[in-house]
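Here is the structure we will look at, set down as structure tokens.
Note that the chains take the letters A, B, C, D and E in the order they are written out, and that residue 1 is the start of every chain.
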Amino acid sequence: MSFFRNMISNKAGMPPGTLIHIGERKAENIRLSIIDYDEKGLEEKELKTIEESFIYKDKPSITWINIDGLHDVEIIAKIGNEFDLHPLIMEDILHTNQRPKMEDFENYLFIVIRMLYYDKTENEIISEQLSLILWKNLVISFQESSGGIFEPVKERLRKDKGRIRKMGPDFLLYALMDTVVDNYLIVLENINERVEELEEELISRPEPGTLEAIHNFKRELIFLKKSLWPLRDLIGILERGESELIQEKTTVYFKDVYDHTIHMIDTVETYRDLVSGMMEVFLTSISNRMNEVMKMLTIIATIFIPLTFIAGVYGMNFNYMPELSWRYGYFMALLIMLMVGIVMLIWFKRKNFL
Amino acid sequence: MSFFRNMISNKAGMPPGTLIHIGERKAENIRLSIIDYDEKGLEEKELKTIEESFIYKDKPSITWINIDGLHDVEIIAKIGNEFDLHPLIMEDILHTNQRPKMEDFENYLFIVIRMLYYDKTENEIISEQLSLILWKNLVISFQESSGGIFEPVKERLRKDKGRIRKMGPDFLLYALMDTVVDNYLIVLENINERVEELEEELISRPEPGTLEAIHNFKRELIFLKKSLWPLRDLIGILERGESELIQEKTTVYFKDVYDHTIHMIDTVETYRDLVSGMMEVFLTSISNRMNEVMKMLTIIATIFIPLTFIAGVYGMNFNYMPELSWRYGYFMALLIMLMVGIVMLIWFKRKNFL
Amino acid sequence: MSFFRNMISNKAGMPPGTLIHIGERKAENIRLSIIDYDEKGLEEKELKTIEESFIYKDKPSITWINIDGLHDVEIIAKIGNEFDLHPLIMEDILHTNQRPKMEDFENYLFIVIRMLYYDKTENEIISEQLSLILWKNLVISFQESSGGIFEPVKERLRKDKGRIRKMGPDFLLYALMDTVVDNYLIVLENINERVEELEEELISRPEPGTLEAIHNFKRELIFLKKSLWPLRDLIGILERGESELIQEKTTVYFKDVYDHTIHMIDTVETYRDLVSGMMEVFLTSISNRMNEVMKMLTIIATIFIPLTFIAGVYGMNFNYMPELSWRYGYFMALLIMLMVGIVMLIWFKRKNFL
Amino acid sequence: MSFFRNMISNKAGMPPGTLIHIGERKAENIRLSIIDYDEKGLEEKELKTIEESFIYKDKPSITWINIDGLHDVEIIAKIGNEFDLHPLIMEDILHTNQRPKMEDFENYLFIVIRMLYYDKTENEIISEQLSLILWKNLVISFQESSGGIFEPVKERLRKDKGRIRKMGPDFLLYALMDTVVDNYLIVLENINERVEELEEELISRPEPGTLEAIHNFKRELIFLKKSLWPLRDLIGILERGESELIQEKTTVYFKDVYDHTIHMIDTVETYRDLVSGMMEVFLTSISNRMNEVMKMLTIIATIFIPLTFIAGVYGMNFNYMPELSWRYGYFMALLIMLMVGIVMLIWFKRKNFL
Amino acid sequence: MSFFRNMISNKAGMPPGTLIHIGERKAENIRLSIIDYDEKGLEEKELKTIEESFIYKDKPSITWINIDGLHDVEIIAKIGNEFDLHPLIMEDILHTNQRPKMEDFENYLFIVIRMLYYDKTENEIISEQLSLILWKNLVISFQESSGGIFEPVKERLRKDKGRIRKMGPDFLLYALMDTVVDNYLIVLENINERVEELEEELISRPEPGTLEAIHNFKRELIFLKKSLWPLRDLIGILERGESELIQEKTTVYFKDVYDHTIHMIDTVETYRDLVSGMMEVFLTSISNRMNEVMKMLTIIATIFIPLTFIAGVYGMNFNYMPELSWRYGYFMALLIMLMVGIVMLIWFKRKNFL
């Protein structure tokens, strides 16, 4: 249920650009780290203060500044000052319930997207905000907590795998976003597994719990849709190379991420179609079951009610009831009952009830 | 139920531009107030007559004229005359059931939007019309009642907080609209809370009252949609800076409001998806319950009906019924009944009814 | 049910432009009237023959020729000849089941719209076709019957109210269309009232009749949609001033009508959303009711069926039934029955059935 | 059910342009006829071989070549050769399950549409393919069978009615298409009648057969949609005069056909809205009925089950049952039963069950 | 169920362009074959190593290189090197769960589509990925397994049927895609047959299995939609001749494939409309059946319950029950029962229950 919480936050009456952290505090301490690299070398270190990173601003090498944890407004404000970011951008970084979006200021690009994980123990999707700033020779990333999601990118940087160290900061931006999108795939894979289970359960043994599972499944899809649609739009802009900060040769990589996003949207749409069908199947299964139950009741009741009536008749205490004194009266009565029962059964057979 | 009332008003046959106040009279008295400011100073006062405000028209400082209460047609007419507003604009201000819209005349901009509050005591959304006129150096705002919604803006003006006193009247317009949109968020937050309650109630203990709650919830969403969609469109026009009265540097602020609106629309859409699912879940829950009830009836009835029949048989009064005179006839009958009952139970177990 | 009748008419095989009146004959006699006016004076008269109107064709004053009743094909044909109208236009005027549309010939504008009334006695919407021709200095209007809908416009002309006599024939066209659109509002208001009634009825006391009411309501909305959507499109064209016959200063008035149309479409859409919800609520209410009924039956039956069985057992006539001869056998039997009943009731309580 | 048959045909693996007739053979013999006309005269004749028609190719008069029956591939191939038609066009003429479409080659226009009839005896819509080729001075039409649908056009040509003989071959094309579209109207009219019947039946006396009727009705609408939507698109292209083979003055006639198509699409959409409502109404009616049945069962059962229990109690054979020997025990028992019955009835009344 | 499996694959953390085969291994061995042809001659052979094909790269004749089986990453990598393909393209070929797409690099065109077969034994649709590369004078095709689907194209090449040997490699590309699309038709035909069966079953004898069949049918349509929509888009691009590698004269053939795709999409949409109706019909049929069952139970129960009660009354053992000692008491009791039964039956008749 948690994914809809905090979707909306109240900051009514504050002047625009007021810096307050809105959202859960997910990390204990703020962690500042930096990776500075070019084709020849790489320098990686943890920072004590954010000011240490500012010297990289004017170096020709490419710098990736990563901030884990957003509750120290001071640090964000200093970055904003140093890089001359618009106050509204600062606000967006701190309000961690943004809709994915991109804004292109002339000298930097601001991107907000959502990172999704699947928490297997709680069986729910966890969502975090990732803000990215692409500056002419550096990338700044703001994460809510210090999950190790970007470790593979760091490895590729350290070991100079692929072309990452030969390309510009826009390629680093791509690598980070690609990693986030690949994590969406894990979430989708997980959903995929559960869909197959659910479908089987649905047909073979529908239970009240199935209903809740379908409903939860539907809510997860709604949630994924909310993250994916705007993501597609913003990657679409990057892919078309509309920003000057994205080089021509990098757009083909964004195109690739774009295709993945489209593929995932397709998949989510497919699941949505499926899930609406599942609800119908579930409803119909229940109706079917009820039908079965009712049929049995009807058969038993309609056979025995007339028989019980006959027995009741011969249980009456009238002084003068000629059948009662007949020698084979009792056996005749039993015979009549048997015949009524058989006729009923035949009739049910004909009516296709049995 | 009140939000659909007065959606439609009949003025058939009147010539266009006839000034009549249509809508509930929400304020006791009309209140006229004025704030005149520039970077250096600020003057604030309550007015007796609207004419007092006209001297500010040609001053270089920025003036905000606020009118609370619309039932004095005279005042509106005077303003219209002084500022040379189109008669249809005057009509729109007075007919307080307008769809949000914006109109760009060459020398002024006219905006109608809806202010929404959540009335916690009545548990319903209250809607009021706010008309705004942006003139080269002033803003006129028309409210239906004198709620204190704009108090924070006034505070920021008085205390020179943020950049509001350094910017033009278009920024004041932005500040007012932003405040209104922030109030939408409160409404949405409130709905959010109730959704979570409703979802829990739905799964754990569905009641007939739940149905009404879902239905009301759906109607509120329809209502929000009616206010939000046109609002988005009009802010979109402002954000693209299509009007000459909006300065380049203010558009980024309107962009921010625009993003909030998009976010809210997204949220409303999400809720609409959710609510349709809730209806289905509710229906299915009811069917499930019914199924339970029917199953119990069926089990009890199908077990006892045959037993009662057997008892009935041995309650018949035939003179010659050999079993009756058997020494252990009675116990045998009881045994047969027990066995029939057990067979039935086993059968139910097999059929997965128990 | 009448609004779908005559929606479709068969004229298969006739050459295009054949003049035949298709539709119900709604007026007894054809009434021809004329109003000729300019800023200084106004002349109004009833005509015997249509030829009398042709002298106004070349006068500089503005002329409004109104024809009530369409069954005299001759008159329509003469007008067509005199004003050189395209044969297909003549056909459209006579076939009174047109979809609202506008056609812009170089020297005249042809508009077909639908007039809607609410017939309170029959409780249904009545629809009539209104054809309008805008010529450089005159307007010709064709109505199916002579309802007094345009009386207010005539009054404004006669009394020189508003700016109607100062403007051109395009403003007269606007005034007529505005009047028609205002009548739509009355229809919507009427529907609005019934919606509120229906909603209350739905929750508090659903009946089979409610179903029919919802269904009829839905059909009226479908019908309104059919009239409103094309109307919006055609007014949109007029408002954008795409025709040379519409003057720049008149477009703002058409913009106003356009806004009304959008508002009504919004309202109809809102109702459509509502009505689909009502259907669901109704269905669920019925299920709920059924549930109640079934629960009661189940409770009564499951309590008494076992009791009746016990009574049946002791009604058996076996010679040797030890309990029968016990001193307090009867009271013990009653006690057992009571206990079984109480146990059942407690169990129902636990299962939340009571 | 037949309209979906043959929607799809398998020609996998054949090279494109292979001429094979796919579809039912609807005509016994192929019939070739020709009408050659200009403003002054008209010549009409039946042909033995298709070659006889080729002499008209270079005459200045307008020629209409009509082929009824498509199973002689030879003839089609000869026409293709003579008029230099693209092999894929030839293929399309012969595969009689085309989606309506238009193709504009530089020197000719190819149009495929579907002719619809209503077969009253079978109560189903019959669909046939009509292919039309517009050449600079002639029109070739290919029909599957020789229905007399174009007889009125021929009459107008023979008797020189309207302007058909004064216009070019594009007007002949228009006349043929208009005739086809007019036949759609007959189909819709027929559907219209059945809708009204169905709606009445639905409310007053729903039966299982009604369900099938609604389902069939829905399928016919799906089928009409499949024919109408692409038809609208292709007429839209003709109407906008995008092809050089369509003269300026003819476009207004295509505009007229276009309006009819839009009108029909509107109507089909309206019916689709209606029919979905009908399904809901039917379902609800059934639920309502069931409710009635269940209520009656419940009332009867809950009244008599307790009474029968009382009777059962006094039918027990205990030796010592004090009430049995009371003088008025029997009457008291009857009285108690009566009272229980009355209390039950009052309670039902209160619960609104009666 | 298998078609949704592997829709999503996890490659999180790998650098872009990493070549790993993702998907089932469908072919035992990789098969490399080549056909080299021009108007005059044709050379066909199986290859041992992929390097043998590279000599055809610079020949003026047209070459078709076909690779069946994708699990040898080495071969794909060599081709990528030789033809200078983008690493992301290589990746797409190997990840066999791509969404259909086309990418136009300056000197080659990359197309991924899905091949669909209907596996009659398993009764399911089988999907395979086909990647195509169009180079200036050659076509490379990558299949997952070596199904004989392209045999007819090879035959046409060998026997010089149609114009395939007279046209360029773009025509070969067309021929391959056309063959794939024709196979879609076979799948649709198969579905078509089952729809008709299902519809008949639905109305005449709905069973629980029908529900599953409808649900499976719906899932197949969702699956087809997922393959067809992007296919249409990519063929649309080819048909509009936006790529320089597609010659003007070939576009008309792509137009033909495009029309087939549109036709199939239409058909899938039609089925989707149908299938949603079928679900409703099924649900309603079940309700109807239940209604029948309940009615019978109600009739039997409400007739016999009062009768049994009467019998019970006269089975009571009161000492003083005057009716018991009447001479014809018994017959009177029977008569009363008969009359009660008849009255009940008449009442049911009136209520339209029988």
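Please note the rule applied: a contact is a pair of C-beta atoms (placed from the backbone, for glycine too) under 8 Å apart; a residue touches a chain by one contact, two chains touch by 3 or more.
These numbers come from a predicted model, not from an experiment.
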Subunit C against subunit B, contact positions shared by both copies (same if over half, else different): different
Rotation angle superposing subunit B onto its copy subunit D by C-alpha atoms, nearest 5 degrees: 145
Between subunit B and subunit E, centroid-to-centroid distance (C-alpha), Å: 42
Whole-Å separation of chain centres (CA-atom averages), subunit D against subunit E: 26
Residues of subunit E touching at least two other chains: 283, 287, 290, 294, 297, 301, 305, 308, 312, 315-317, 321
Parts of subunit B lying in touch with subunit A, wherever the complex brings them together: 151-152, 156, 161-164, 178-179, 182-183, 185-186, 188-189, 192, 195-196, 199-200, 203, 252-253, 255-256, 259, 262-264, 266-267, 270, 273-274, 277, 280-281, 283-285, 287-288, 290-291, 294-295, 297-298, 301-302, 305-306, 308-309, 312-313, 315-321, 353
Interfacial residue positions of subunit B with respect to subunit C in the complex: 1, 4-5, 7-18, 86, 88, 98-99, 101, 103, 208, 211-212, 215, 218-219, 222-223, 226, 279, 282-283, 286-287, 289-290, 293-294, 296-297, 300-301, 304-305, 307-308, 311-312, 314-317, 321, 323-330, 333-334, 337
